[in-house]
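One chain, subunit A, links the two complexes that follow: it is found with subunit B in the first and with subunit C in the second.
Right, the complex of A and B next:
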């Protein structure tokens, strides 16, 4: 039961996020019920009202699933406590099926893993997936609680613990990679972020805060030296300190969904080529061609970041110590 | 020749190992700054004295020298910051005193601010206490790892509540999450199979 509530809520969130991308708008109040017996009808109506109430938490409160976690503690998973004997899936299935995805804990983990790989191998920073990460962290907390209750001699405990460690590694590595990118491309990321609307920010609020403080801190430090330079020269202009990700670097990728047209620009000859990406096919192409599909809802999985792995602590040309000494 | 000193500074930095920070060369930096000032003064002098036929080439040369000095100084600072940043992830918020001695006042300030920013970011992850991103840096292959104690570190309380006494040169099986910070602090050493 718990699992289903969780699933349903995640679907709703999923739908909302799709709606944001302009592909689908979510409606929750579309459901019909057929029932011969009047009493059953009233009963099921009442039940659905309860569920609607729960779902409305979602609309009122963005951190909905956290509330639900406190409502249905994680221990309920195995003990099959039934709170309401109606499947929430029924309610949601009344909506059209195409845009729905199962959002079990397993799926959340998969999404985080995919986001992690893409983040790791793409040259620029991708939209954040804080919802999934936080959800997974909640799950981990619950599982740790459950494990603590089991006896220490149980061989299952160690297996589960190792699995937890692995998940934790994925999460921390994902967030670390993002931080490294923010640090490297600080100026650029902040500039781009300022042009984006509130809903499709790439950074989470906390990351944005981090980026701003980091930039300010670095500027202050540079200023302690720049201050002593002669006038005219005591400023460092943006173009010199900016570090740009190399968007034309090549990536190996696997296509998760059929994409009708991908345009590959040939910068040398100034030509364009249009190709079709088949489901499950693998390609090697410039990142810039597929960037939008990587960003939008897991269309593409990047397998390897192929050329010039210069991502982490890349100096700008201006700061590159080797460039400076050996001219 | 112009710019010699600043290149000397950079070479000194480049020769040192990547995971160390050489002493902050305050004298060197001051010399470079004063060279920049002299060059600037020379340019202004040219402009004042000869209004009709300016020695354009001489001015251009001096300007280029100033720009180069500036660029090199910035590179010097920037490279040091990168190394310092690595240390925050490797060693943690508390720097050993030998590293601390090598830093300038402003660098220590930067480091403290960086720690603050990082910690306040890490606190916001998840719902309550946050998540320490400096942990779990390597993909775990097994839950436990064999370590050797390098010093008499004394009592260590395990996650299970048991207390372990770490003696020099003795080997233990510890859970990875617990051993990792101690390995980084140099108290334990990983035993390679």
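Right, the complex of A and C next:
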């Protein structure tokens, strides 16, 4: 891939150095072309280049862009060649827009609200959504800063303030529900967390720290008390401390997406049955049947979100579009 | 599990029409979306919480939603009576919206009291249906039910008790089954319903 891009770039540069690209106009920073067939030739070359470029964007990690561009001194070409009306920047912006569309602040808010409700009603702790929460907190911070600048008589100040309060309520309620679950199932949660890999941790770093400290404090507390107990009772078995969530508890659920088959274990008759969950249908069934879907749905969202989050908060940090692409 | 006030909180995100009495040319860019422009006398869509806030400051008039008329509600009631299952309602939060609007903006809604009664009738009817379905569900020992068109508030009215009952039943059955297996694995319970899925509504 690198090689092909490089060859294309090289050929382009050679064209330029041979002065075949056209006459440079310092005013518009654009080249004017003399003959149309030459133009088509270059156009096809460029299109190829652009396609390769876009492909490489897809394939490479975004962080690597900078490296890619340092390998190929595009800036050198950038200053002198502006060709036709194809602008890679536009193409890239389009790409970004597609991602960003998924993640307007509104969408983030909806995701947090959904995460809040899911967390509230699922018996076990779900994968954390810290990315969304932090994004919202940033939004709130920004909004509060803007509000301070506005005059108090502006009718929209009140509405904004009210909305911020509403969002804060959702966030705090969400985090508190999680903390409550961590406190109840502390030992269990920590054990499960230890088996998970770095990428799919269910607890955020802060929550993990809280859980560890909580477990430690609880242990210390039991130790101090049990020391004063008769010998027979002063040992606490691990199995006695542990509280486990009842994964088979019944939950009400609403299906956002069609799911072909959900297996439900009927403990009464010792059988399994399979049902189809249709879009927007509502059901009552044991949590264990749908647990995977509840978690996975979020997992997919996290991935989309990760890409977009960078774009929302720091559009030019990883990749300075202005400097580089003016091919 | 969930406080009714929290369901009301969710209901406040629904969109409603208001007629502002003030002018504000630009859009208000809230995080949940942009609304506006506010022009005196011209109706526009906003979330209910915005509508209530403006109404409390007496800077707008709330327009009752389409379904919130005595005639429409009576129609719904008849439909609900005729159907064996739960019917689809125009909004998921009919009770909460009625309650909120009538508390804050009772002057804006014609025949407020009649509407209140009609909504209460509808609620009573649906809850009665729900209770009898729940009863049947527990007695027949099913493990799955589809509950289409039930609103969050209705579900919440049976929430803590109903799933907990089922959980307890399941635990008991598990214990019975495991002891049965130990005693006699060949002996199976005779009368088992052929289909285990159960429909509260279709």
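In this section, the second predicted complex is superposed on the first by the 191 of 327 C-alpha atoms of A that agree within 3 Å, B and C clash if a C-alpha of one lies under 4 Å from a C-alpha of the other, contacts with A are read in each partner's own complex, and residues count from 1 in each chain.
By definition in this document, a residue touches a chain if its C-beta (ideal position, glycine included) is under 8 Å from a C-beta of that chain, and two chains touch if they have at least 3 such contacts.
Worth saying up front: this structure is predicted, and the values here are computed from it rather than measured.
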Subject >> Which superposed partner A:152 touches (first subunit B, second subunit C, both, neither) >> reply: first
**OP:** In the overlay, answer first, second, both or neither for which of subunit B and subunit C A:171 touches.
**Re:** first
Original post:
Does subunit B (first) or subunit C (second) touch A:271, or do both, or does neither?
Top reply: second
Original post:
Should A:206 be classified as contacting the first partner (subunit B), the second (subunit C), both, or neither?
Top reply: first
Original post:
Looking at the overlay, what does A:106 touch: subunit B (first), subunit C (second), both, or neither?
Top reply: second
**OP:** Would you sort A:162 into first (subunit B), second (subunit C), both or neither based on which partner it touches?
**Re:** both
Original post:
Following superposition on chain A, which residues of subunit A contact subunit B and also contact subunit C?
Top reply: 158, 162, 166, 169, 173
**OP:** Note which residues of subunit B are touching subunit A in the complex, please.
**Re:** 7, 10-11, 13-14, 29, 33, 36-37, 40, 66-67, 70-75, 77-79, 81-82, 85-86, 106-107, 109-110, 113-114, 116-118, 120-121, 124-127, 131-133, 135-140, 142-143, 160, 176-177
Original post:
What part of subunit C is in contact with subunit A in the complex they form?
Top reply: 1-2, 6, 9, 12, 22, 24, 28, 30-33, 38, 49-50, 53, 57, 59, 141, 143-150, 155, 159, 162-163, 166-167, 170, 173-174, 177, 189, 192, 196-197
Subject >> Complex contacts: residues of subunit A adjacent to subunit B >> reply: 66, 133-134, 137-138, 141, 152, 158, 161-162, 165-166, 168-169, 171-173, 175-176, 179, 183, 206-207, 209-210, 213-214, 217-218, 220-222, 224-225, 228-233, 236, 240, 313, 315, 318-322, 324-325
Original post:
Okay, in this complex, where on subunit A does subunit C touch?
Top reply: 105-106, 109, 120-121, 136, 139, 143, 155-156, 158-160, 162-163, 166-167, 169, 173, 246, 248-252, 264-271, 273, 275, 281-286
